[in-house]
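Notes follow once the structure below has been shown.
Letters A, B, C, D, E, F, G and H name the chains as they come in the text, with residue numbers starting at 1 for each one.
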């Protein structure tokens, strides 16, 4: 599939490696089997982003060990939906790890400073949407994007958004975060020609249905080109924007 | 409850009418029993609007007979969701009846010209929403309102709406009709201080869920004071706006 | 859009203000940027009601700062769904603030006594619906309405409601609050000719689906002119009734 | 389980019948195997009502054969949701069969006139609900009840219902049929002390969700003692009322 | 409507009472207004059962006062879904009150021993369904029925049910309580000719959807005559069975 | 992965084949690219069943071409949910193809008679469920199973099922097909120790929700070991039973 | 139905036992009535697995008594979804009982070592799915299967799964456990010819809908032969696999 | 907002244009009011794509007139979900218009040949998904992208997809179209580092819920960076991919 595997296959073809041995190396190369988890160290080559740790349902000990495996392989760490307790445990082993409490992210940088390039905008409708917006923004920054934050610009006061059109037009992609009726991505999308990643949040009550109302509004946007991620999934939106952001680079 | 009943009760108190006879008159007064239907002729006194005929599931013959009962009582007729076939049958008995095809309404005016007063705005997002918007507009006119129509001003091109803010500000109530993501009532509601009746339409597909997406968006509007009626229920919105419109009159 | 903006534009036309300077003033005028929130101080002009603070998901500190910004601009404060802890913090800075515990509202009056005029009725089906009904009633009073409360008159004992028909007929708008099967708005709506704002509550269990059953009943009322707000949204119903109530005033 | 089986078991105990032969007779006795269907001829003994034929998805030929098997066993026939075409085919073999078109029922009486006793009321909200109400009424009559029909008495005009309270109080059970918001069973249930069987209908549109709104309202009635059957299931309600009606008989 | 009201009306007709005075007495007679609640003391005459107190959302103080009002009027008390804390408070004022902890019911008998007559069966599928089944059983006993309990006879071991067919056949009505797949009412209904009140419970997980799966199964029973109440609504089923049970009495 | 691929890999290892050539052969071997479809001719080796054609959304011409490709590769053909028109077109090219109208299946046998072994039971609740049951039965026969059909044995008449327990006990797997309340798999599962594949059907109306009610009942069976396929998916159940059936063979 | 019952019936036929006495023995034999529960001791004969205890909603005392009844009858015990507290109580009476904390299972072996035979694979997508996977694995082991665990092989890194194809091909049945998008069963099913039991888990958030998204994906697998159990129902999947596993044995 | 508006504003500032005249020109410039529609001719400047015509609910005459307005303004035309009848009418006025029947698109090129640049991949799972995939592909081509089609590569035969990894890696964005279980976007997303736009289709039946199952799967992908559009919304996905594709250009 990718270069290391082709090298291996050529070794087999050259008779320098048996088929059985090749299979074993393949496994060793791609997977760091911790018993409870198989850390996918090849993912950074396939996906352009190391495996990210989804913390819910994992013990602090499991999280720490996966972080250790990634760090040992020289890969930067991003762990999502972490609790303060989980971070406290991680920090004992990895004192350089950073906790972004609002966004519930743990990051550990082992490759040195990331060179940021390209510009992403992260927009949100209300103050209550900020944690999800921050998760998106930090994720995109983790992937090397410069991020402009435009917060609390919901449709009840449109002029607040209109002041920031220039910022929106300068972004390679725009993440738009909103709960309740989820109208903001349509309004933003109607103003600019940039790809829009919409993130519904669970802010609201009753028929908000924990974000379903906002989700449906975003999926039914009358503005084409808006695409949507799961409710409260700032991380996913950040990755999508981060991948788009890289396309403008010469090396891509 | 209302005047005729109080008169009757006073007659009983005055010994001019037996309790039993009073009960019979009460029934005769209030209800025109056609066998398959009991026409509520008192409704115009209680509700300010004669009984309206919901056509689905009724035969053309039943509709015609109910219209005849209302007209005989000197009450104006409004029949909703009528088909061309139903109208054709009605017209044979009531040649003055009018069919509003786009809005699927039959009207029959027996009281002479309605004096229109007060101003209602009916706004819709797209061309496909016009039938529902027309149903609302014609209903409000039937109840005596002057109606301003502002059609095809969806949020994908906000400037189209902004040109009409003055019209919106001059209305006593605003009916806002939209399908798909249903964002328009929030945007309109953010701009003016008038009561907003939002009508979701079934325009859209897939996750639009036949209007549920628009409905949920409207119920979760971040703008307070937006209230909502059933999907495609232009008639109900027209009645709500018509009732509000009357409040501005001196007699109220 | 509204007067201060037109003035500004005229200044530009008169050459007394550069386009760039005008844009900056526009932003300053309309928005009080606190970093985490952009307080929409113009909203009172557009909407007839200052920006209202939705407390869930905000820290007590954020709420206090937004209140301070509004009060500093001379605008009355309404904060919804506040907790006792949030109020305790607010009160330290704003000792005149009032907490309406049942309705979970914080109010702070900075403009002096409100002259109440017009009459709104707030009706509820059961004792458990009272908190939502109170939220509606207090909101309408905040907007200047006189409010009549008719509580615990559910359809299981219709005579309880029938005693209050006169009160209902004298109201400019009627807010009807009910959980469980949500039948009360239809019954009230069948008796009077006033606009009805129906509020489903989450009272009930099982197939009540946290208020969805009541909501659907209200949206499908056989009585036209009933419009509906989100589940437990007494605040929104109070605003809708408050806006309608003003229409009867000479100045409207 | 019931008498014929006990007899058979006694024969086995008495040595007059082998266990194997008993098993075969048991099967023959209880089931008339037509290949595509096993007509449950014992059902009339267990359930007090012969097997009823649900027509959808069956060919006219299959329906005719099942009717023949029931008639041959001397059992009265009831077939639900029949089409005119299905009836036309049945009638060729069973000219005495009767088609109740509105209620979509086929009946064939082979036991001679049914002695009707006890009194059931069937109430419906609107003209469009009559087909379902008739299905309930005819089914209860098929089971020997006297049925009082009270149609078109929806909650939008309560006085229409109040005229019939005496009829409701005299019934052993009351079937209440309603679509849209389904409020009628609660109102009826609040007035009398009789068991109420509520039938939601699919009348309505949009958020009526083909009867789900009415169903939920009925399941959440604030009046205890209301029980509910499937949407449009007049037949099931008729059976429930018919079974209750028999309890008042001396033999029960 | 009922006797006391007719007496009043006759007094008006006889000139012994003014219309206004009659209206006031009517209100006083029917309603005990506690401010937060209007106790419906006439309900026992209309419905055959005094008003029952739904405890959730009410304070212990409110519950105690409503109990006092009912007891003062000589009516037996039933309060549902009570917590131990609520009972502890009630008991301070009403030491004779009884708490049925499993069923979460408070009862207070003020009329002396109830003469029980007629026979109801309450059947449940599993041990976890017993609290709901007990609520139904105690309610029916409160209404004067003799109750037979047949518990833990789910369809996974059919023979457990078959041992009790005689008990089922002797009941005037059968309450069948089941969670998970809710199949038990169909199986019971297929065996006997008695009215069946099915109660879905929230026992289960995942796609059980807190009782929706069982509810749908019961509403779609292939056995006609099964009617259904809300999820976990043992109380409602008990009332329905209690009302049916009375029909067999000579006085009905 | 499977033998032909391992052979190929060994050729690469032996230097008899270049890596590039191996890749091309791999593609040619596995896939018959018709432009609009890539027929997966290797599937029979991986899955033990050739690729099956799902007819909806395909033209008769596309279906015919896929059948030709499979037949040319010597693989037996099964096409599901075919219409009579689609079959008529297929038959013109493949006159030996057979149409099973009730089950909507097209089969074309090109390998000669299938040796049937092992025993599967297919049970259904009502006559209307037979088409789905037949689809399962024919699919299992297509995969080499002997199939016993036990039809129309729903829970309303349990004795009909009890006569067939021996047949059920002799089956290696039991497919149970039911609509409406979907109770039959639980009852069957409670009687025998064989794996049960439950198939909900869309038979029913209203709250049957086109088979969702039956599906939920089956997923929540109180009998462990029942597994479930999609609504009306007789084909999938037949494959599951066919795969289980093969396990009893000596070669497994 | 099964041997002991046939013996009993023969005794009746032989006159050695009265019908009444036979009925009593039948009950005693099959059911151990603890008052709150009827332990189905015959189930092991019918189903090949003793009755399993579902712990939620049962007291520790009830669980202990049911375990005692089963153990006294010489049957192995399996209790699902047990809490540590419930186990602590059980252990006081049954010190040999074992708690599998991750899988929430209590087991008590009273028949001596189980001879394991046949091979089942249990596969899961992520680390968070392991508790459900373990529940399936331990249940299958309880039923005598050898279980191969293949954990953390989700579709985001397909190569992790491909390394284990041989293990999958050697299994008689494969349990596949996945949350989120639930794609793993389709991918596994596309690779091998073994029956697949898919288990959706509630891992995920937002539109994962507590496992509904994974469930729907599994029910709609494009790979035929995948059957599905309830969300998080590792136990049910383990039983299904355990029953299939036995089919390969000579005695089946 | 954009250049022409800024020019206008400068003219006002320079005193060359009155404020009122500016407002009129603004309207004329941006909107072509056809009565039933307001064609948004400025959209091409804001959004980089002229207004696209959604055909459902519009008459052929309305569609033709909107096309004429766009063409007259020199803008290329795209009309979605058109029927053959609608196209036939359009063609009479615009003979150069082209109908893409499979994708239901009408295009009319008035600007001369589009210079295509950048590379997009459109992947679909099955033959039945091709119409939606074609809609996406043609839309992206309309926006200037080179499109690679990779069709019928569903997860039941993974090797079909693996042959095309190079094509996927060379694309700037990948549109992945799938119905049924919607697993394909996760599998594609796990292999490459490109932004993925997932399109659920309504292909499937039963619990596929007309595409909801696929939609939920895609929203819950365990692979981050997958974003989703409405069911069957190939057009929206094509726009999203087209916007992303332009980012790679030097001018962006």
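Brief remarks follow.
Note that a contact is a pair of C-beta atoms (placed from the backbone, for glycine too) under 8 Å apart; a residue touches a chain by one contact, two chains touch by 3 or more.
On a predicted model such as this, the values are computed, not experimentally measured, just so you know.
The chains touching subunit A as well as subunit F are G, H. Distances between chain centres, each the mean of the C-alpha atoms, put E farthest from subunit H. Set against one another, G-H and B-D show the most C-beta pairs in contact at G-H.
Centroid distances built from C-alpha atoms place F farthest away from subunit C. Remark: subunit B and subunit F have CA centroids separated by 54 Å (rounded to whole angstrom).
Between the Cα centres of subunit A and subunit H there is a gap of 25 Å. Centre-to-centre separation of subunit A and subunit G, using mean CA positions: 38 Å.
Shown for subunit F are the residues in touch with two or more other chains, namely 126, 156-157, 189-191, 206-208, 212, 215, 219-220, 223, 230. Taken together, the subunit G residues at the contact with subunit F in this complex read 1, 46-49, 52, 162, 165, 172-173, 189-195, 197, 215, 219-220, 223-230, 235-237, 239-240, 242-244, 247-248, 252. Listed in rising order, the residues of subunit A touching subunit C in the complex are 126-128, 130, 151-153, 156-157, 159-160, 163, 203, 205-208. Within the complex formed with subunit B, the residues of subunit A that make contact are 125-126, 154-158, 180-183, 186-187, 189-191, 204, 206-209, 212-214, 216-223. Those residues of subunit B that touch subunit D in the shared complex are 23, 26-27, 30-31, 36-38, 40, 42-43, 51, 54, 56-58, 62, 200, 202, 210-212, 215, 230-233.
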